[in-house]
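What follows is one structure encoded as structure tokens, with my remarks underneath.
Letters A, B, C and D mark the chains in the order given here, with residues in each chain numbered from 1 onward.
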Amino acid sequence: MKVVLENLTKIFPSRDKKAGKEVVAVNDFNFEIPDGKLIGLLGPSGCGKSTTLYMISGLQKPTSGKIFFGDDDVTELSTENRGIGLVFQNYALYPHMTVKQNILFPLQNLKGKDKLPKQEMLERAYEAARLVQIDDLMDRKPSELSGGQQQRVAIARALVKMPRVLLLDEPLSNLDARLRLQTREEIRRIQKETGITTVFVTHDQEEAMSISDMIVVMKLGVVQQIGAPQDVYDDPGNLFVAKFLGTPPINVLEGTVQDGKVYIGEDAVLNITGVEDQDVYIGIRPEGLEPAADGALVCHLNSLEVMGRDSSVVCTNEASLNPVIRAIINSDIKIDAASDVVRFDVKPHKFFLFNKETEERIRYEVN
Amino acid sequence: MQRKIIAVLLSVVMLFSICTMAGCRRGQKVDNTVSITGDIDLGDDIIEISFTHTMGAKLQDVLNTHIEEFNKIYPNIKITHQSAGGWSDINGQINTEIAGGNPPNIAYCYPDHVAMYNIAKSVVVLDELINTEYKIKGTDERSGLTAEQKADFIESYYNEGLVYGDNKMYTMPLNKSTEVLYYDKSFFTEHNLQVPTTWDELWAVCEQIKAIDPECYPLGYDAEDNWFITLCEQMETGFTSAEDGGQYLFNNAENKAIVKELREYYQKGYFTTQELYGSYTSNLFVETTDKRCYMCVGSSGGASYQMSNNDTPDGTFAFEVGVAPIPQANKDHKRTISQGPSLCILKGKNTSDKQVYASWLFVKFLCTNIDFQAEFSMASGYMPVLKSVTENENYAAWLARGNGYEYLVAKCVQVGIDGRDDYFVSPAFNGSSTAREQVGAMMLKCLSTDAANDAAVDALIEQAFKDAIEECEY
Amino acid sequence: MVESKHQWKAWLYLLPAIVLLLVFTVYPIFNTVRISLLEEYGAMAEMGLDEGEYFNFGLGNYEKVLQYKDFILCLKNTAILCVATVPISTILALLIAVALNSIKPLQKTLQTIFFLPYVTNSIAIGMVFAAMFNIVDYNAENILNSQSLGIINNVIQFFGGNPISWINQGSSYMANITVMIVYIVWNALPFKILILLGGLQSINKQYYDAAKVDGTPKWRVLTRVTVPLLSPMLAYVIITGFIGGFKEYSSIVGIFGDKMGPAHDPGLLNTMVGFVYDSIEKDRQGLASAAALILFGIILVVTLINNYVIKKRVHY
Amino acid sequence: MSNVINSNSVMQAKDIHMISTGQKVRRILAKTGTYAFLLVMALIVLFPFYWMIISSLKELSEYRQAIPTFWPQKVMWGNYSKAFSQANLGDLFMNTLYVGVVSTILSLVITVLSAFAFARLEFKGKETLFGALLATMMLPGELFTITNYITVSDLGWMHTFTALIVPFLVSVFYIYLLRQNFMQIPNELYLAAKVDGTTDLKYLWKVMIPLALPTLISITILKMMGAWNSYIWPKLVANDAEHQMITNGLRNAFTDVSGQADIPVQMAAVAIVSAPLFMVFLFLRKYIMQGVSRSGIKG
């Protein structure tokens, strides 16, 4: 089932009546989520990603715009009639019910022609439980489960009624690091197996990148960029997206374009065409810096962290907006750790220019 | 945890019952008699006296001015007084205070209350204080009552202090009220009706009135218990006796016959009472358009309630109200119930003799001071207890007032004063208040419960009397 | 929990409370037990005893209480009032709290209104209720010929019903009890609403979102989600309700006055505490204490049963 | 109405339209019903209150009428000034305030200390003691009156504020309420404080009390309300002019010689007395609600 968001906007009236300011949580969101895909809504807190999710779920009504499931306009339809499954950030498992009762609960609400016989309800509950591999925990209470297990119960509860769309709100944020890795794979697997169009919300870019078919990066209610994770990473539309994606984060420096050359401080690091002379922000991915004896970019070497296959070169440059510049290099490349200075060449496809005012990407061609 | 609670509770109880065996006695019996062996010496030190009453603000003003008068004579007696609320409030409060050993020195009281206080032997026997011929040291004043003073008391009021079955004097009367018959004088004149003086006449008048206005209740009677007690007294059929610590005599055939007769009249619609009617019967009496009653028996102290809304203090009346003594059963044996506050002197473990003397002097002052008696009467609508009060010029003028709100009040007082030889108070003992409650309940039951036939009525009355006597004797 | 080597410290903190409780609660309880075992004990009678005289020690007071002809009636009234008012007031309070919690405009105003009885003097309210149910001049043949039917009957008539005598003569025991139930429920509502509303507002909203996503009907949300999540509050309200119900007395005086019943049958609605009060008033503290302890025993048993039943159902 | 949840069922545009209209209608109906229910209940709850107010504005004779009137024929504002002037309201108010404030402060200290001991400290017999305390709540308080009266008079406290304040300082109910609240505060905070070497009292003051503030405010209000409404006990132990409390003063001021009360004036007095409490609730409602909601949820 594809999900189409058309000019979706949500404005919250101000809480404080005197201040009178409205909060635009989501601004003119347009997107078509293809059928059967896993979509990650990504952004820092307050960017409107959860609001978007809640609007899709029907728990919140959009101020304007439309939502379609397939060809059906569901904007006016209430939550229970949309056929969605929703997994809450803290799971919202009913503490007084066992796992089995929790999973059965949505099925017991069906009525009329959708009503199922008891036996079938049980079968479907067990099926959902098996899918998330908790079928041996059915008689426990949520308080007797670990965080990861609770998460699975929540997913099973969302899946049991075979939703048209599955929505997950920060599904991994309450889990510890190891469980998070494991669970995100699990979510990916379940999504693949069921083929249900799935939207999930996260502030963790790594999480979004690792499992999503597509990601949507949002900031202050405005969609910044939509695309396959790698595409967005490789080709960020603006400084925000560039900064938001990638660990370690992108190195941002101040620079100027003059006469077809990009200068960082005194160093001309790249020859380009198609850009007028101006001050710019420069973004260089950590893997875009290549140590070279005669490299154009001269930095002050702080330390060298060898992490096995890769090494991280930590250095400083006066033009850098971050406290340090980080380069990830192959450990085979030797750096003189005793030296004060390290010189880099830059890889053009990891090297981005941004307008200093708008922070929009400035496209260039390498000379 | 629950088992633990129970275990703890049980062990506490057991532990305690062991220590109870010892039977530790609290407090000491106070000596409630006074013996005076010489002139009373109040000394010069301040003697503090507490006085608990039920007076409202208006009466407290009267009291305060007379405390000042009193202090002119006895400057070192300091009197503090407080209102305890209503009658049941003051009774409950003083009960607790006596049990705690700290009663006030002087209290407003009804005989039933005094009977309770007497269980603790806390009420000072007044005989010695009244009769002593010793003087107050340093003055010429006799500390007891002079012969004239005694003679000035309306006898039946004075004798209220003696109703406790042991021939001892426990209280002094302060101001009194009685039941009177209010009637619509305009109506009576218009229809040429005679104001009834006996019950037979009353029922005859009721029949006449019922013929004129079939919708009405000819008579409203506020208090069922008073009615029964009064009838017992008038017909000498027996209610209670204070002999031998109290006896309940009302469960007899004569009384059952009285109640049965009342039931017949009630069923005929001749009368109603406050409880049966569901509101004050005085409301029926002051009514001029809707259902009403033309006679109303109520307290002489409640005259203001017998005036309708449209009546104004300056004397515009919807109809003229007449006041008469209540009907009698036997003209040679007139009896009317007496109500209203008396004063008793209480003694706790810390009460000094001087306080008792000082209290007595104050009680004597209030009960024998003509000005106080007159002013109190005018402020409250209650009747003074001294015959000579009517000689007070102000008071005589007040009594003679021809119109206005106070006219009715004064008229009630006058009727009360006229009937002063007929008053009685039912005997008081531990349980006399229960008897009063129970006969009230019994009356209500007997009058209003449905019964199919005569036999059923008899059975009903039989049962109601039985219940009442059982409750009394429980 | 912290293993404290210094147990004395805990006791130190508890000292003021314990001292005061010992003096003003525990000692009176002991005294009550003692008095209940002294036959015919009265506080005033004790003051009036002669030197060397004392009350007999024994169970006479308990016997006497059990022999009281209306003892069963008092017990029955108490039990009926408890059993009827606690569920009704709890359910009503729950519904009101849930409804209040579900609205936005007027919520605060209504909340204040529902709390109002809590700060209104109880003396006034009893009189008002009695006046609302009171029929003036009850007419046995045709109730409509009565002078005033009272506001409640007027309402009943307005909706086409037949007026009945609630508290006056001709009223049935059922009618009397109904009035008492209405009054007691009314009285109990504000506190319960307050507690339950407080509880509701502390329930995580996501449970309701989850239920909504699942298309749970309102009724099922109430029974399957709200009530279980509110169960600690409900348990508290029910247990204290029962304890309060067993102590019912002043509300009956409020409606029927000291005679504790309709005109034709005074005492019909007397309760255990009413009996205790009566006895105290008549200086029969021995009897009063025995009756109070019997009542205490009953309350204790009921509370334990309550606890037992509720523990199985309450989710903490 | 069909309920579309199953993903397999295909929805037509018409269906959706029907469902969403139906939804709207149902939602409006539900809202209307909710409001209707609440308003009816509110009226029922308000009625006696309304009655109290109109009674306070009636003339005594009108109040005594057999057929009650719904609006005073003659509005007697004078009843209020009468209530003010007849009772010595200023003094009564100060006395009540004094007793209320002092007993509230002391009671809070005692309650906080006890609740802390029950919630955080470990000592022998804790559960038993707590259970026993709770059991005392089941006894009718009237039983204690006489014994306590004797105690107070033996201690020489008659006609003092002490007698009004001390006997009721400890309330098992408040201790229970606050203990529940304290138990909700994570134990780690206490352990952390212990590690830092904070004393118990400092921890109480700095951590527990701020976190339990709503409950403490609720207790304060309940306690003040207690002082406001107390009647029987003050009447026994300190009903003299210097110590009289507001309810006692108001109740006694309007009785006539026969002990009958001028009810309209009394009602006016009751209304006057209720007003401050009502205001307090109005302003502190939020805290009261929080206090209540936090205390009970954990057993």
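Quick note on the criterion: a contact is a pair of C-beta atoms (placed from the backbone, for glycine too) under 8 Å apart; a residue touches a chain by one contact, two chains touch by 3 or more.
All figures in this text were calculated on a predicted structure; none of them were measured in a lab.
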Open item on the list: Using C-alpha centres only, name the chain that sits farthest from chain C.
Closed with: A
TODO: Would you indicate which pair of chains has the most C-beta pairs in contact?
DONE: C-D
Open item on the list: Just to be sure I understand: the centre of a chain is the mean of its C-alpha atoms, right? Then which chain's centre is nearest the mean of all of them?
Closed with: D
Task: Gap in Å, rounded to a whole number, between the CA centres of chain D and chain B - done: 40
Open item on the list: Please tell me the distance, in whole Å, between the geometric centres of chain C and chain D computed from their C-alpha atoms.
Closed with: 16
Open item on the list: Nearest whole angstrom, what separates the Cα centre of chain A from the Cα centre of chain B?
Closed with: 90
Open item on the list: Could you work out how far the Cα centre of chain B sits from that of chain C, in whole Å?
Closed with: 35
Task: Set of chain D residues in contact with two or more other chains - done: 3, 5, 66, 135, 146, 251
Open item on the list: For chain C, give me the residues that contact two or more of the other chains.
Closed with: 43, 136-137, 147, 215, 300
Open item on the list: Residues touching two or more other chains, restricted to chain A: which are they?
Closed with: 78, 80-81, 110-111, 161
- [ ] Can you identify all of the chain pairs that touch?
- [x] A-C, A-D, B-C, B-D, C-D
Task: chain C to chain A touching residues, read off their complex - done: 204, 206-207, 209-210, 212-217, 220, 224-225, 228-229, 231, 315
Open item on the list: Per the contact definition, I'd like the list of chain C residues that touch chain D in the complex.
Closed with: 1-4, 7, 9-11, 13-14, 16-17, 20-21, 23-29, 31-32, 43, 92, 95-96, 99-100, 102-103, 106, 108, 110-125, 127-129, 131-132, 136-137, 147-148, 151, 186, 189-190, 194-195, 197-202, 215, 218, 232-233, 235-236, 243, 247, 273, 276-277, 280, 285, 288-289, 292, 295-296, 299-300, 303, 314, 316
Open item on the list: Which stretch or stretches of chain A touch chain D in the complex?
Closed with: 1, 72-74, 76-78, 80-81, 83, 110-114, 161-164
- [ ] Using the touch definition up top, name the residues of chain D that touch chain A in the complex.
- [x] 1-9, 11, 13, 16, 19-20, 23-24
TODO: In the complex, go through chain A and note every residue touching chain C.
DONE: 57, 59, 78-81, 84-86, 88-90, 92, 94-97, 105-106, 108-111, 157-158, 161
